[in-house]
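Listed after this line are the structures, all set down as structure tokens.
Okay, so chain A shows up in both of these, paired with chain B first and chain C after.
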Partner chain A sequence: MENKIKEKIKEIIINKEVDGFLGLRKYFNYVLPYLFTEKNLEDLEEFFLDEVKYPLSKIILKIKKFYPDKKLGILVRGCDEKHLIELHKFNQINLKELYLLGINCSENMALKCECSSPYVRIANISFGEKIKGKEIENPHKDLSFWMEKFSRCIKCYGCRNICPLCFCNNCTLEEDLLVKRGFLPVDYPLFHLIRAYHLGGRCINCGLCEETCPAEIPLRKLYREINEKFYQIFNYKPGENLKDKYPLEFLEEIKEGHGI
Partner chain B sequence: MKENINILGFLCEWCAYQGADLAGTSRLNYPAEIKLIKVPCSGRVSGHMILKAFQKGADAVFVAGCHPGDCHFKSGNIIAQKRIKVIKSILDTIGIEPLRLDFFFISASEGLKFKKVAEEFYAKIEKLGPSKLKKWKIR
Partner chain C sequence: MEYKFVPSICPYCGCGCGILLEVVEGKIVGTLPLKTHPINKGKLCIKGWNVHEFVYSENRLRAPKIRKDGKLKEVDWDEAISYAAKKLLEIKKKYGPFSIAVISSARCSNEENFLMMKLARSVLETNNIDHCARLCHSSTVAGLIKTFGSGAMTNPIPHLEEARTILIFGSNTTEAHPIVATHIFRAKDKGANIIVIDPRKTHIARIATKHLQIKIGTDIVLINGMMNEIIKQGWEDKEFIKNFTEGYEEIKKAVSKYDLSYVAKVTGIDEKDIYETAYLYTHQKPSSIVYCLGITEHHYGTDNVISLANLAMLTGNVGKPFTGVNPLRGQNNVQGACDMGCLPQYLSGYQKVSDDKARQEFEKLWGKSLPKEEGITIEEMFTEALKGNIKAMIIQGENPLISDPNINRVRKALQNLEFLIVLDIFSNEMTEVAHVVFACASFLEKEGTFTNTDRRVQYFPKVIEPIPDTKPDWQVISLLASALGSKGFSYNSPEEIFNEISELTPIYRGISYERLKKNPLQWPCKTRLDPGCEYLHKDGFTRGKGRFIPVQEKEPFEVPDKEFPFILTTGRIIFHYHTATMTKNSPTLNKELSNVYMEINPEDAKRLSIEDGEKVKVISRRGEIEIKVRITDNVPPGLVYIPMHFSESPVNFLTSHEPLDPQSKIPPYKYSCVNIKKIK
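Up next is the complex of A and B:
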């Protein structure tokens, strides 16, 4: 499968379907994100593909800011694709300017990630077999459980920095009026609840934040439970469909108007 | 000894606050534990403000705005109502009773309704008791 993917990348770069391709490269035993272009096509020999998750969707957002008119290709898994769908809805990236090369995750990886949909949907081309995911149970926890977990927070901002859906220029978590900067312990649970409020109905349950957290706060569980309730209220699931509208998007409503 | 209860209310400048004003000028009493803040529109109340209030020791928070269709800024009250639903689900998730947060429609001429709503809300919170968050030594 790896050779097939390499050939495909070479093909689309030479045919000028894309100006660059964002993938992973093994460089002196380190796995790094790398932009393959026509100039460094020989580096494609070191193209890396294994059962790892990497926030490539966050990196392409940064690259797109510097090169807005280039067409880029990107390696996506099911979760990366959901990120891009959500970013498209929030006008951060245009999916028409991207070439998505999708990989369906293996059963082993789906189990490891506890993923409910480990396959790609809208990618231009996809490799690997499509397998069914598994829904996980989410037992309800009480306040003491959450407060104990939140109190461990060392305020490293890792969850915000890794999350592809955290794209604001001015972050609320750095607002002195809400969360005092430079002080520990953090104002829990406010710090975590602000993030939960922002990600309610937007989190696509990829689990990057929980993997990153050095204090092992079960953030994924928190966001998943909020999302379930969000679904019950507004009947909206993030990352599923390009046409669905985010229910808290107000601008449309103001256009319609409720006045006299 | 009975523990003190703090209730915070965000009132919209155009309807709900005028309603509370009317309750004042017509000498209607409402529970003294309710503290009111005037905001330009109920849609101005963001989720952060409500969450911060709970963090700082409020036992309950309510937001009051104009009736649907009467909003000075066309749809601020509808926005606020939607937002409150989301924050209620967040509070429920971490184990704080969602009853502690509520949204009311009060117009400028409804002084009596404001008194009724305030008393009913206070009675409900008194039954629940102080917020569980207070037990934790948080800043």
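Up next is the complex of A and C:
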């Protein structure tokens, strides 16, 4: 499969379907995000499919910012694709301008990621057999569990920094009036709850935040709890469907024809 | 389109985390954690996440400078180098080589430290070379070499995860070594006992399963008390003691007077907690000791370290996986700077300068005879500068006007010099007093290797070209050595320097750039096939038998009295790094916290009618500062705490440079007596 993918990437670069393709590259013993272009095509030899996840969808946004006129391709798994679907709805990127090369995740990867939908849906082309994911139970934890976890926080902002769906220009977490700056322990649970609420209806449960958390806070679980509530109220699952409207959008529609 | 990520190593603390620099069209625009790195596995602290921010700061030095008519003027490199060389030669000729002293930088690469060592010994012909390890873990090096035979962290950081009991002495791990703390959190999640021994309720103390809020400076009493209890209960590891150690009978005798009631009285810790800690450390194994400057920065720092080594040997908690005596080293490359022989008594690889055989190896390769008498340490350098015996200094990437004890004294010493050369990447307090300033390139603008706290030698590549008119330290040192007439400094790359390091340093002999580019390697690594050493003292100690050395409790050098009724202690906070030369130039870090504070207990604040946020005057026998207070129960009554980082209120105006620990010459940073006065 890896060779077929490499061939495809080469083909779309040479055919100028894309000017650059964002994937992963093996670099000595490390795995890094890498932008393959016509100039460095030979590096495709080191193209790497690995269980290592980087925030590729966040990185492509940044590349787009630096090179707005370039046509870009990106390697997507189910979660990357979900990020992009939400980012599209939030007008952060135009999916029509991107070439998505999709990978359906292996059983191993799906298990490791506790992923319920380890496959792509809208990619231009996809590789790998589509398998069913597994719904993971999310037993409710009480406040003392969370307070112990939150108290460990070292305020690195890594959960926000790594999150493809954190794209606000001004971040509430840095708002002095809400979260006192320059203190450890951080203002908890405020810091964590602010972020959790902001991810209501946004978080697609990719787990990048939890992986990057130096305090080992089970952030994914926290955001899942919020999003389960969100689903109960609005019947909306972020990232699942490009056509589903984000709740705030249909609230706007309700307003039309009512009130003043 | 030129958009790439370049892997590198974080330049702040000793964790040695892997980072990725995001580079667009030759400019660094961001940092990501490196996912596949053995230490941080995709995690970083706030400093790591913002590594890229200081590089293009306006405050970077952008050309070498020479002091002319009292003012620093920018000059070209040729002029700066030849002027510096001329002055150094004059001083060397007039006063002799030992009138010159060199302080190398634990923030610079192994290659650059090695070259500074070579410059001092082979060109300036002085063994007066030291660096800031003197001020943080010299007592570790001294204490662990005496007991174990090797002065470094015994076990790797990831081993902490599998320990079932972790004793953390005088380390606020979460703030000072955040990614080491990650491994401790993981251990906690697996059910380990996390026992923190600290006079302050630090962040890690609040997360611990048990916090022993010890009276500051009484660690030896506690550790001797634990050992006495362990022996009394028969919990010692008899097999281990018999097979791997010597001096057991002496230690048994030496600790016998430390019964629980006495220990509880002196340390302020409940007898039950001491008993339980001794029980858990010996019964829920593997057990690991982690410690930091709360142990080392006392005038009996080496004795503190030795007593921890004694405790580990007594219970067989060393030389095995997930155990050990684990000092957390401060800077990204402080371990490396020690390894490279930037110490007055050691050549690289801890080979004694007085050892003829070792010295001759260097003499043979360098084609020069080297001085054999040991040099002097940092604080002694300043003492001798005050006396007029040290006339010139070279200080590289180090800011003693913030970081050394008794700053008033340091300033006087520096002013007493005839000539001072400073190498730095930023203007700071030191560049203001220098005669020559060399504008250096940061770690992102050069390649090299750093050795982190768990002896892991790691390669970092050049990410961008040096800022115009700056040069990497290795080039500056080479130019200076050549201008001083040496022919042994014509290196084309750091790799050539590293090859010389391998050749002369047995513990690095098996390491090469080729190997490091694939994987970090932990020393000792003696041959090209040696996979490196994951943990030390396996199947026996480096020195042969582990040596028990009895130590007894020590008196403080000053005690709280009417004039100076409070005890002051110092430390790090997570948002800044050391003298903040780099972190203050990082907007994100500065936005998080831009000024310093003093922690004081609510009872004390109430008694002195001080409000939270009020500015007060803090006075010691050495000096005084003004500082805002934070009222918090992080400190018990009678103790105040000031972080070390900020030039706005440098705590080291208050700390004392004496008495030095006789064995390691470390000054007593962690303890001073002060008074607090309201500002009217």
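The definition used in the following text is that the second predicted complex is superposed on the first by the 250 of 260 C-alpha atoms of A that agree within 3 Å, B and C clash if a C-alpha of one lies under 4 Å from a C-alpha of the other, contacts with A are read in each partner's own complex, and residues count from 1 in each chain.
One rule holds in what follows: a contact is a pair of C-beta atoms (placed from the backbone, for glycine too) under 8 Å apart; a residue touches a chain by one contact, two chains touch by 3 or more.
Everything quoted here is computed from the prediction, not taken from an experiment.
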Side-by-side fit of chain B and chain C on chain A, or clash: fit
Angle at the Cα centre of chain A, taken between the Cα centres of chain B and chain C once the superposition is applied, in steps of 10 degrees: 90
Which superposed partner A:Leu222 touches (first chain B, second chain C, both, neither): first
Touched partner set for A:Asp187, first chain B, second chain C, both or neither: first
Touching partner for A:Tyr27 - first (chain B), second (chain C), both, neither: second
Chain B versus chain C as contact partner of A:Leu111, first or second or both or neither: neither
Smallest separation of CA atoms, chain C relative to chain B, angstrom: 11
Chain A-facing residues of chain C, complex: 1, 3-5, 7, 18, 20, 22, 24-25, 29-30, 32-37, 40, 42-46, 48-49, 174-175, 178-179, 181-182, 185-186, 189, 203, 206-207, 517-519, 573-575, 591-594
Chain B residues within the chain A interface of the complex: 47-48, 51-52, 55, 68-69, 71, 74-75, 78-79, 82-83, 85-87, 89-90, 92-96, 132-133, 136, 138-139
Chain B-touching residues of chain A, taken from the complex the two chains share: 140-147, 172, 178, 187-190, 193-194, 196-197, 200-201, 222, 225-226, 229-230, 233, 247-248, 250, 253-254, 257-260
Interfacial residue positions of chain A with respect to chain C in the complex: 19-20, 27-35, 37, 52-55, 62-63, 66-67, 70, 148, 151-152, 154-158, 161-162, 174, 181-182, 184-185, 211-216
